[in-house]
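Chains here go by letter, A, B and C, matching the order in which they are written, and residues are numbered from 1 within each.
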Amino acid sequence: MIAEQNHALDNGGDGRKPVTAAAIAEQIDGTLTGDATVIVTGVAPLDRAGANELSILSSPRYAEWFEKTTAGVVLISRELANAPGSPRARIVVDKPVDAMVALLKLFHRSDPRVPGIHPTAFVSASAVIGDNVCVEPFAVIGDRVLLSHGSWIGAHVVVGEETTVGENARLHPHCVIYPRVEIGARAVVHAGAQIGREGFGWVTSTGQRVPHVGRCVLGDDVEIGANTCVDRGSIDDTIIGAGTKIDNLCQIAHNVRIGRGCFLASQVGIAGSARLEDGVQMGGQAGLQGHVTVGAGATLGGQAGVLGDVPAREFWSGYPARPHREQLRSHAAMARLVKLVRPLEKLLSRGGDAE
Amino acid sequence: MIAEQNHALDNGGDGRKPVTAAAIAEQIDGTLTGDATVIVTGVAPLDRAGANELSILSSPRYAEWFEKTTAGVVLISRELANAPGSPRARIVVDKPVDAMVALLKLFHRSDPRVPGIHPTAFVSASAVIGDNVCVEPFAVIGDRVLLSHGSWIGAHVVVGEETTVGENARLHPHCVIYPRVEIGARAVVHAGAQIGREGFGWVTSTGQRVPHVGRCVLGDDVEIGANTCVDRGSIDDTIIGAGTKIDNLCQIAHNVRIGRGCFLASQVGIAGSARLEDGVQMGGQAGLQGHVTVGAGATLGGQAGVLGDVPAREFWSGYPARPHREQLRSHAAMARLVKLVRPLEKLLSRGGDAE
Amino acid sequence: MIAEQNHALDNGGDGRKPVTAAAIAEQIDGTLTGDATVIVTGVAPLDRAGANELSILSSPRYAEWFEKTTAGVVLISRELANAPGSPRARIVVDKPVDAMVALLKLFHRSDPRVPGIHPTAFVSASAVIGDNVCVEPFAVIGDRVLLSHGSWIGAHVVVGEETTVGENARLHPHCVIYPRVEIGARAVVHAGAQIGREGFGWVTSTGQRVPHVGRCVLGDDVEIGANTCVDRGSIDDTIIGAGTKIDNLCQIAHNVRIGRGCFLASQVGIAGSARLEDGVQMGGQAGLQGHVTVGAGATLGGQAGVLGDVPAREFWSGYPARPHREQLRSHAAMARLVKLVRPLEKLLSRGGDAE
């Protein structure tokens, strides 16, 4: 049913065609109070939304802004349904955030995309270019590169020789793909990401680089954040499994193998030859030592420092990382111990025989 | 008075015109000993400064270098005024570092700036270009972009459609501004920074991206470091307040709002929907969990991991972050406890009844 | 002797000419069992190596893959010499990883390099260009830049005015070298690295930038990873000593001096005016506070947070960093203490007089 309504509303999507408060309420199965005829043309936060904009109140934290909002329509949770404030319409729903996410595509504007190779781009004569490919200004496409059907190469992107780019993949401006990388279908690489560099491997006694003959493979539907680095393998391959999403400024070292459907938040660092099985989630700034394995479905907290293997489906945190519950228990016990330090020292100094 | 002297010396600035030791001593209100006629044409550290260069000795740590220096003139603190060494002139001042900072502009060379659009740049016909704008080679300016008066777009910069760049703002080479970003007057974005990317928001059950319809706004006089990423908002906006300075390699996630006059050191990470009020300072590699608020004037230590709200004007550190004094007290108590572990275990094992 | 063999095999190197299993065994002084005539044309991990590829089994962790491998030849450690599996040939050696590293250059393909200045590059008329220099598409070379003999400037690289690039140095695509940087012979700078930006120095009371008149110097044989930032000095210089290797996404702040032969893993952060003496090694995500000194040959663990000087040749870890043994002892003692918290509280509550 929602799918149907989506279809009905699709013509009004992409921020170009207005939608009424009533239509929105119907789509998300919400209860509308106030003016059902308000026309909505966009989304904005409570503190700047105007008379034709949709906003959201899902936490008491923003009640103050709600009071003064000039928004046309506000999605609002049941608990806050009667919060003081005067938008022209309220739509009460169980989960306002989920409802908003479902609506966002109506107001989201796609980036402009002009198929064809821009005259300023430099494309090797031996590159193979599929149908409906878009190559933006100043991109450099190396020898024997394959750009599959529908792929989109941003301005200034450099694609090294013999790299393959999958169907409908998108390389945002300014990313660099080193030679012989494999990029899957529908994969997205954001600005400034560096994919397939030779990893940080040295014969430390001589200062000579270890040659890197391994591959660097991004699976289908992978997304790589801005300024993230994924090094190629030395002996082994570096592989990012299908559907895995990696945020900005992450480091994926040589020979790392990441499974399918993982989510890595920004500034995560994964040292050489580590393994992530499917469905692993890592919080921001977490780090993995080389050669460790993180089991399927495990979660690592932000800033966790992982020095050994993590079992499947567990939640580990802290440095050195250990099960989160244990971490919390330990922190609580420490806090109690810290209060005892003086009496314990006294106790032991009296009963010196305890030594 | 200093202002006046600054004016008097301005003609000798930018590293092009020499200044005498006497003029320097006068400007910074210092006491000169040695040859007042030494001509200074630049600044250099003690270990490589030559006969016409100005250097500084402000810590005993560098006394060894001072002994052997060949500098023409050295600014020197009162405590070290008689340190052994033989520069041609010494100028004793209360705060040599502050004095040096005040003098630096005399010797600093500005980057060359050629107004006009370089013939190799690709500028959309619908872009609006103010007076005295500089667009360097291979820059790409999208549809309906506004480049305000005096703005300076570096080589290879990509500015997405409908982005606005404020007066006298400067985008260093190779930064990427995604579509519909707002950049304030006099803002500076350094090389490789990525501004306005869609944030890391996913419907985890389906692996679909949450559309990002929020804005990304850099206020007036903001500075963004090299390779730093600032994501655009999803529902809310991402806003960096006026005068805030952010160092290299930082991550500012979607919907983050940062107040005015904050200073964030390098590699800081701020997760989604966090708030920094005015005047917050964060040390290097510190991280903020999503949705937390840091109060006005608070300071976070390097590598701090902040999991909850931080009150205004407090100094927090460590992981999980807490008030710095408490952190220090706790560390000290732990160190004492660690020494007691064996006697305590003995004590308890004898008096088993304590269990 | 190995050198000789290297020479003999050189003609078959660079992945272009096949080598037999027998020749490989001879070169690495290994013991061959199975088919000595297998032809090897490349290297691959056990799970995808084909009949003409060389692979390696050096840890029981990969025994499962070995069982099913279709590799032509496998280097194998003595302990695993008889592991079940059926490659066409096994070569038993003491140290398979070292042996493989020695062999890799046979199979490593160099990047293509076309000397000369690409017609799309923009090179200032006042730049000085040595022999055999390669400048790739869309590079921008500023006024009075020196590109020494054999240097290689990647696509889209920007080299600021008066920068000098040493002999046979290589700047990978998309790095930015700010003005007046000095890059040594054979130095390598990877994609997206930003070298010589003005550092993060502010007069906090006024929000004005401290002018940076110091240098930024990369010594001979230095390597800088992708998206790493090295700021120029303010008063002092920023110097990276000869032979030092820095991984991806690191931050080297203004006035930092790093000695010779250091290795810094990815995401390391070094604050202003810190010093590393020769041969220091830092693990991933480790951070150094400003103005500290790390002695020669010291090692810092991953995520270490260094707040004070570290003596030469010591191994420090944790936050705040301290000697690693002490850290381990302390962690072990804590774990024991945590178990005592309840009995100790009981003990003290009974003997209230202990207070």
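In this text, a contact is a pair of C-beta atoms (placed from the backbone, for glycine too) under 8 Å apart; a residue touches a chain by one contact, two chains touch by 3 or more.
All figures in this text were calculated on a predicted structure; none of them were measured in a lab.
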Would you kindly state whether over half or under half of the residue numbers at the chain A/chain B interface are used by both copies, giving same or different?
different
Please state the rotation angle, between 0 and 180 degrees and to the nearest 5, that superposes the Cα atoms of chain A on chain C.
120
Whole-Å gap separating chain A and chain C, where each centre is the average of the chain's CA atoms
26
Between chain A and chain B, centroid-to-centroid distance (C-alpha), Å:
26
Residue numbers in chain B touching two or more further chains are 138, 156, 174, 192, 227, 249, 267, 285, 303, 319, 334, 337, 344, 347
Show which residues of chain C lie in contact with chain B when the two form their complex.
122, 138, 140, 142-143, 156, 158, 160-161, 174, 176, 178-180, 192, 194, 197, 200, 202-204, 207, 209-214, 227, 229, 231, 233-237, 249, 251, 253, 267, 269, 271, 285, 287, 289, 303, 305, 319-320, 329-330, 333-334, 336-337, 340, 343-344, 346-347, 350
Interface residues, chain C side, partner chain A - complex:
15, 42-45, 48, 55-56, 100-101, 104-105, 107-109, 111-112, 118, 120, 136-138, 154-156, 172-174, 190-192, 221, 223, 225-227, 243, 245, 247-249, 261, 263, 265-267, 284-285, 302-303, 318-319, 331, 334-335, 337-338, 341, 344-345, 347-348, 351, 354-355
